[in-house]
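Labels run A, B, C and D following the written order; every chain starts at residue 1.
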């Protein structure tokens, strides 16, 4: 019995983001925000997006969840800030591809930053939903959530 | 390929009753009457019972159906007339036993008359519903149908 | 006939069975199809190796089960060319699907004074839910009648389809007459009048290629058990924008997004319609059935069944006093032939045939209003599948002759 | 432990499977039970030898199928000591059964101002249907709360059960807390107030003898897939006089007595509730599952599961920082133990356990209002069956220790 394989998932950077998440706060002046639920565990994440002109100026999140969903949300806030709307939407898409074990472009990797490390989630298919929750919320918010 | 076994079911007396059913008419002054449907073929039988004191004075039926249900209804009208209410109800019960292949008492056999021959239906379980339709209607009518 | 249709009793062991000491000739395929070993084995494998509940656990087994369950949704979508797997709702049966539509969508769109248009050849499952809806909503249920040749009267349909019509519900292939209705044309007419069209594909989906986008069906329903899968699994296809609007009709586990003491919110379609643990094994089997059908090919299955029908039809019309209901053309029967033999009651005929190993249905076939229109109480019905053989049909015709003679003798 | 419980992996081949290279330890029995070969074989036999639709044909195969289908109804009735097979309605699942009751019976008896009493430990399937009914009827949904030890607060129940209460719906065994509620006593109290009682037996029927007449339940519901049968088959028991009053909620084939263009009449219960082709294979499997359980004996199964729970419980309470929800007594847990491990999220714990072959559930277990009451978002849940072994439990406890250590290391 060994948990070696778990190290792939719970790397130091993941644990770091989870225990000290970035931008975990409500943005009262957000342009849009969207809350999504992980229906199997009841976890919820609300993503806040503040747009300025066509740029994502600030991204944040609130809500509770497991290590993977918290770390992923934290990484998402770092990754999307500063991108254009089109880039940010594409960045979310690239993240979905990544965690399903697909190849993504170098440009997309640059957008994702730290989040690229979550590619290891592809080995843990049951956790893909945890990893993508924040990104789905962000994508919906970018596309004009409420 | 042979239909020999069918002779058991479609004996001369059965075919006779089916083609010339006894008491196939509505009794306008019936004490009670009950209509039942064979839900798989849409056949229906209404049994009419005219009681006098505690005696079944007249029994009749209307409705269409297959050889077995028509013959059985016809035999039923012969069998039940003249019995007391308790005997008639018990006669119906005995008929149900008979067509399920069970033994019935000599007294019950006397009540059933010609209908005893339908004991052969036990060999054709799919047709038991056809054989019992009229008797169920009669039993419900005896027990106070509308 | 191509080799594909030889030796199918390897796949369908029931076909080797004896009935009353005679070889089984199974001609009640319209009631339920037989199930090939490939379907049973896939289901058995699932329970022996990957069984877990779906959409619930984060562990490996649960994830395997969920992936398998959702993968079949893609297969079903491809099978009927649905635009997306999300337009596929798993149900118990065609009946369950039609009730879902009548309750959820029907309650949403039908209001007092509206008309619901169905046809007189509908199965009770595509009739009573609309009759009930009409009663609930004080709407009017109208019936399209038959032509003299007992096919659908399109002139009558055009006449009755008006701007008052909210919804047209119609079978693609009649389970009694065997006729296939021009759904694509009817859908176009319905849409011209801003009416929705619900297609009952229970009798078509296993016998021809069905393409929901080509038909432009708003809803289309069918049952696994009539297409080689097991009982207890059905499909309700709905256009995504319609499913999105519809409220769920059952509530419980799986279909929720979040629940408080006083309130609950739902998942998106299709999951909001799948309350509680679904028929996971049934879904797995449905996937195997689609694989089986697709491997032969729907066009080849259709051709084979047309050939068998064309072989049988003239042999039946040649039987004296045998009345066939529906079109006089074999090609209009899609393997389904309903008939009566003189004045003999269908039950008596079916019992005779059963003694000779031939399994056909006798009854009203869950289409009592159609029976009334045909002027009968019941009929005998033979219905084919691609796995029937020419020998089956020969035995059937011979058996009919024998039954006829038997009763002719008896009634003397 | 008696020999009966040795070598059960002959019957349940999935138990020999490896998960992530470790032997499977299946501890999600409350979500769904594993299916023995005896059940699969019985179903396979049916499809390979006797498959036909039920209640439709007069031929031999159809009659065999119908007889088998109806025979299982007698078995189910005997299994829960129902007064008659006619009080057994086949459904898709517990969820389907509870929705049937809430829609058909609920609509019939609940009116504005009435109260519906449920408990805070209900599964969503025994909660949302009543929440919806209350909304439809402008009735009030009330919740019985928990004692300090997280068992049902009977004082609160007695307080909230009044003459305004029309209906009490309650689980026999909680799928989260594992506690078994005193249904017989509650039924008596309900009846004293002219209220009806609906019992959710999804988690009890495979683990103890359930006797509807002794409990005096008005309705009792359960799912085949939690009692060794397959998914897609459930049971709704109802007192015959109540079923007789209830209108059907689905319409179509099989459930009718007679249909005209404008009207339809229904068969008697239970058939009026079984519209369309039912899950015949699922019913056959349910019969085999009852045979399997009965052969071992419900009392022995219960004793075995109690023994296993008693073995596991102190080992879990000994784990530092492990919080068990519900009673502190092993005997109150009926094989179901929900817990959390310090601040670790249940998903992370479950993934760790999964790496070690241990399959447990992490989540809200379809009981969000209960989670809120317990003050958590989610829990880990281990649930046993008689086919689990002591070795399974040892591996489970060892795995918990390893997962704890792993995350203690990682979070440093």
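The rule is simple: contacts are C-beta pairs under 8 Å (C-beta built on N, C-alpha and C of every residue); 3 or more make two chains touch, one makes a residue touch a chain.
Labels paired with UniProt names: A, B = SUF system NifU family Fe-S cluster assembly protein.
What you see is a predicted model; the values in this text were computed from it and never measured.
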Shared interface partners, meaning chains that touch subunit A and subunit D: C
Farthest-lying chain, centroid of Cα atoms versus that of subunit D: B
Gap in Å, rounded to a whole number, between the CA centres of subunit C and subunit B: 37
Separation of subunit C from subunit D, taking each centre as the mean of its C-alpha atoms, in whole Å: 32
Centroid spacing, where centroids are CA-atom means, of subunit B and subunit D in whole angstrom: 45
Residues of subunit A engaged with two or more neighbouring chains: 40-42, 126-127, 130
In subunit C, residues with contacts to at least two other chains: 20, 56-60, 62, 256, 258, 347, 351, 354, 362-363, 368
Of subunit D, residues touching subunit B in the complex: 55-60, 62-63, 67, 256-258, 267
Subunit A partner contacts - residues on subunit D that touch it in the complex: 20, 22, 345-348, 351-352, 354-357, 362-364, 368, 371, 377-378, 395, 398-399, 402-403, 406-407, 410-411
Residue ranges of subunit B touching subunit D (in the complex, touch as defined): 37, 39-42, 44, 125-127, 130
Touching residues (chain side subunit D, partner subunit C) in the complex: 13-14, 17, 19-20, 24, 26, 28, 31-32, 34-35, 37, 40, 43-44, 47-53, 56-62, 92-96, 98-99, 102, 120, 123-129, 131-132, 141, 143, 223, 225, 230-233, 249-254, 256, 258-264, 275-282, 347, 350-351, 353-354, 358-363, 366, 368-369, 372
Complex interface listing, subunit B residues touching subunit C: 1, 3, 5-6, 9-10, 12, 15, 19, 40-43, 64-69, 124, 126-127, 130
